[in-house]
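You will see two complexes here that share subunit A, one where it goes with subunit B and one where it goes with subunit C.
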Partner chain A sequence: MTDKAVPVIEGLFSDTAEGPRLLGSRCAACGTPYFPSSAVCHNPECSDSRIEEAFFGPGGTLWSCALQNYPPPPPARYDEPYEPYLLGMVDMDEGLRVMARINAADITAVEIGSRVELELDTLCKGGEGEDVITWKFKVVQP
Partner chain B sequence: MKDVAVVGVGMHPWGKFKDKTLNGMCRVAVEAALSDAGIAWRDVQALAAASSRFSGGKGWGLNGNDIVEEMGMTGIPVYNLSAGCAAGANAFNVGYSLVAGGVYDMVMVAGGEKMPKGFIQTSGVADTTDPEYVRQLCVGMPGPGFWALLTRRRMAEYGTTEEQLAKVAVKAHQCGKHNENARFRQEFTLKQVLESAVVSDPLRLYEICPVSDGAAAVLLCSAEAARKLTTEPVWVAGSAVATASFSDGITRGVGGMSPPGNTHHSEAKLAVAKAFEQAGLGPSDIDFVELQDNTVYYELAFPEEWGLCQPGEAESLLEAGETMPDGKLPINPSGGFLCFGEATTAQGLFQICELTWQLRGQSGPRQVPDAKVGLCQTLGLGGNGAAAVLKR
Partner chain C sequence: MASNGICDRVAIVGMGCTYFGEHWDKSLEDLLIEAANEAYLSAGVDGDRIDAYWLGTMGRLSGLTLSEPLKINYKPVSHVENFCATGSEALRNAAYAVASGAYDCVMAIGVEKLKDSGFSGLVVQNPPSDGSSPAMTAPAQFSMLAPDYFEKYGVDPEVGKEVLSRIAYKNHCNGAKNPKAQFRKEVPMDAIMCSPRVADPLGIMDCSGVSDGSAAAVVVRAEDAHKYTDNPIFIKALSFVAGPAAGPLSQDYDFTTFPEVVASAKDAYQQAGLKNPMEEISMAEVHDCFTPTELVLYEDLGFAERGGAWREVLDGAFDLDGRLPVNPDGGLKSFGHPIGASGLRMMFEMWLQLRGEAGERQIKDPKIGLTHNLGGAPGRCVSFVSVVGR
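Coming up: the complex of A and B.
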C-alpha cells in the first residue's frame, strides 16, 4: 500500500494555495468559461477569440442532483463493494456549469439550490493502492 | 423543391434476437417497405442508411453497404449517416433531400441495430479529448443518471410527483400492448412501475428504455412516382435536422457555461421548429406526436419545450388522459421507446413507420382518430436533433 494520490486525469484541477480549483480557460473577449480548457473560443457570436487560463471555484449552486444506484459501466471507476453515489450539476459562481459527484450522506440531505463547495476527493483506489482523485462538491448551506 | 411522398414502410419487430443477423433483420424491413409500395429492389435508385458504432459487418459501424449486398448489388449509391440515436431520422432527411432536390425519384432509407447487452457505454477508446469519456471516467454519469438529474430538476420546478412519472410508463404500455412490432407488449399497473427497481433515483427500471434489436425501412419517392403507385400517399410536409446551440444548458462533457435560462436539448427544439416552418404548420396543427422517450421525463418536458402545451401543463394532460390516442395531444401512440427499447439507428425510422400507419388509418386499436398530421422527433448523442412532419 502507498499513500500516493494521483489525479484521475492530469491538468483538470489543482490544490492551490487558495484551495481546490478547477483548471480551465476563459475567453477574455466574450467571457465564456471553458472546462476542460479550450485553446480557442467556440462562441459563434465571438469574433475575437482571446483565451486566458482560468481557475474556477470553490463556490457554486446545485442545479440538480440524482443518485447513481447501480454500478456504472466502464470507463467509470469505483471501489468494490459498490456504494451508490450522488451525481450533480453545479452552477459555479464564475458562470461555469459543471458535472460532478456530490459528497453527502444521501439524496434526502441535498436540496436543489443548495450552496456547494468544490473539493478534491478520492474517486477510487488505483492498481497500486494509490488514491485516484477527482473533483466533487460538498453541501455547505442547504 | 419537389413534393416527396412516403410510399412504403416496413419493420422487423423490436426485441432481442440472439440467433438473427443484422443483415437478415434489415432485409425483413426493406422487403416489407418494398412490398408495401409495390416495387422491386432493382427500382430503388439510392439508399440512405443510418449507421452507428454498435453493429455492422465492416467494422466501421456502417451498414448501408451491407444492406445493398444483402438485397442485391445493383450499384446504387449508399449514403451512410452517423448521428447517434438521431441517425435514422438524419438518414430520412438525406433521403428526403435527395428526392426533393430532384436527384433521385426513388430512395430507400433504412436503419437497423443489434445492440450490445446492458446499458449503452462509451466508445471504449481511452481518449481524454472525448468529452463523453472524460465525463464517465471522472464523474461516472451514464444516461439514466443524467436523465435523473433532469427529472429531479423538473420535480423541483413543477412539483412533478413520482406517481406522475410512473403514469407516463403506464400510459406507454397501454398503447404499446396493441403494437405487434413492440418488444414489451404487456400492461403495467401504477404499483408495478412504482415497485420496479430504482435505477437512478428518482427514475425506475420501467421508466427508462432498455436497448433492443430492430430494423426499419422507409421508401421515399417523388410525387410523379407516387401517383403511379398509390392514390393515397403520405406526404413529407417537413424534414429537418439540427445540432445543439452554443448556449444550450446541457454541457457536452463535464463543463460548459451556465445558460441564462432553461435551454435544454436545443437540437431537438431547433429541428422541430424547422420542420414546422418548412411544413407551414404549427404546434396546434398536429394530431399526434412520436417523440424520443428514453425516459418518462421527456414525454413531460419535450411537448412544453416545443410549444405543444404550456410549461408545467404536461402532467395535467397526462392525468386527464389527453396524451392517449383519443386525447387532445396524443403522444407516442406506438408505445414509444419505453415499449420498443432502443435500437439506435432504427428509432427515427420506426417513428416514420408509425406516422405513416397512423395517417393511413392502419393502426388498429392504437389509432389516433382521423389523424391528418403527425410530428416525430429523435435526439442523438453529440447534439444531434431531427424531426419530421408528415401529412395525408
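Coming up: the complex of A and C.
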C-alpha cells in the first residue's frame, strides 16, 4: 500500500487494533448477523427487532469459489491490464456468509473448505493514483 | 363485455401500513418487512399461513423482491405493475386468486422507495418513441386539466385557483389528523394559493408528496373471514381498465374528464350493485396526484354533477364532515405517494374507517367505501375503482 489509500466504500470495514473487521450489525434478540448493516431484523422467526452494531472477522471457511477469467462489466473496478481473480463465498465464524475476493499463492488451486482470514487489500488504483481498498480473504490453511 | 365481479366473495382480514415519508435509514426490504409484519399481526397469522403473494412496485422485475426479505419458503410470489395504480393491481390479483378457490389466504403488498432514487413519481418517456415526444413533467400533464375545466364551465381562473387550493387545504387538514401521513400539518389557504408555481396554474402545494412507504393486506374468502377477525371488510367491486390512449391523438379529447375513470366507475358500481353511488357511498379515497385531478374525479366518479364539483368543493361537500368525505386520510397530497404502495394505502384507510379505528378523523358509521387509483396521465391512463363495505 502507498501512504494514500481510500476505502472503496465508507463504513463497511475497518482496520481495528485487533486487525481487520467487517462492520455490520446483529439483532440482539435473535442473534442474526447482517453485513452490510440492516435497519431492522429480517429473520421471520424474530418478533423483536433490536439491531446493534457488530464487527465480524477475521476467520472463515471457503464454501465455494469461481475464477473470474474475463473483465466483468461496470460498475466492477480493476486495473489494466486485467488479471483474473478468484471470487469466493466465505462462511465466517460468526455465522455470516460473505462474498469476497480470495487471495492465495495459486488462485487456480484453492480448495473448498480451506480456512481463510479477512484482510484489507488493494482493489485497484483510483483516479488520482491512490490505492482503493476493499475487503478480501486470504487462504491460511488449505 | 362481461364483468361479473366477485361481490362479497372475498374479504380483507388484516392490513398494515408504514409511515409514509422519508425513510433514509431503511431499505425497500425493511419497509416490506414492516408492512407485512403489521398485516400478519392484524390478521392474527404468520407467514406460514399465506399461500401466495402479490407484490406491487416499480420496475423490480420479479417476486424475489418480496420473497427475499420476507424469507418466503417456496411459494408463489408475483410481481405486478400498472403505473401509479400498481398497489391496487396487486390487491385485485390477490382477491381474484382467492375467489377462484386456488388459495385460501394470500397477501397483496405494495412498496416504493422514491426519496433516494432522486425521482419523483414514474419517470418514463411516452410513445411515440421516435423522439418526437415533448419533455413533459407529471405536474404539467395534470395541470392541463385545470384551464380546460375552468373554460368549459365558465369558472373565473381566480376562483378556479381557490377551488384547487381548497382541495389541497382539505387534504392537509385530514392528513394533520393522521399519524402515518407524510405531511401532518394544516396549511392556510393563502399559503397554498401563493405557493411557488411548478406548472401553471399548479403550485407546489397542488402536488402530492414524494415519499417512501409500504402497505399490505391479507385476503381470504368471505366465508372464512370471521375465523381471522370480528370485523373483516368485504370486497364488493374491483374494476381495472386501460384506455386506448386517445388523448395525444384525438382532437376531440376533452381535458375535463378521464374516460378511463368513467368506465371503471360504471363497471365497479354495476359489480357492487350500487344504483345511486352519490348517495350510497359513505367515503372515498381518490387519486389526488394533483389538485385538478381530484376536481375532475368528483365528476367522473359521479360524486358531483358535471360542471358542479367546483362549487361543491367551496361549499365543503368533500370535507371530513361534508356530505361525502374524500381522502379522509390526507390523500396522496398529505399522506404521500410511494407509487406501488398507494393503492393499498387507500384501502388501509377504508379498513380503519369501516372498523371504526380511524381515531380523530373517524367518519360517522360509514357503510360503503370507494378507492380510486389512477396510473398514467390525462388522455393516456389506466384507472382502478374498488367498492368495499362491512
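Note that the second predicted complex is superposed on the first by the 135 of 142 C-alpha atoms of A that agree within 3 Å, B and C clash if a C-alpha of one lies under 4 Å from a C-alpha of the other, contacts with A are read in each partner's own complex, and residues count from 1 in each chain.
As a working rule, a contact is a pair of C-beta atoms (placed from the backbone, for glycine too) under 8 Å apart; a residue touches a chain by one contact, two chains touch by 3 or more.
Here the structure is a predicted model, which means the values were calculated and not measured.
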Overlay on subunit A: subunit C relative to subunit B, clash or fit: clash
Touching partner for A:T122 - first (subunit B), second (subunit C), both, neither: neither
Broader residue contact with subunit A after superposition on the shared chain, subunit B or subunit C: B
Which of subunit B and subunit C A:V40 touches, first, second, both or neither: second
First (subunit B), second (subunit C), both or neither touched by A:N103: neither
Subunit C region in steric overlap with subunit B, selected from 59-67, 113-121, 149-157 or 275-283: 59-67
Overlapping contact positions on subunit A, where the subunit C interface meets the subunit B interface: 42-44
Residue numbers on subunit B that touch subunit A, as the complex places them: 118-119, 121-122, 124, 126, 128, 133-142, 145-146, 148-153, 156, 197-203, 246, 249, 251, 253-259
Subunit C - residues contacting subunit A, complex: 25-27, 29-30, 33-34, 46-47, 69-71
Contact footprint of subunit B on subunit A as seen in their complex: 8-9, 12, 22, 24, 32-36, 42-45, 63-70, 72-78, 85, 87-89, 91-92, 95-101, 107, 112-113, 123, 134-135
Touching residues (chain side subunit A, partner subunit C) in the complex: 38-40, 42-44
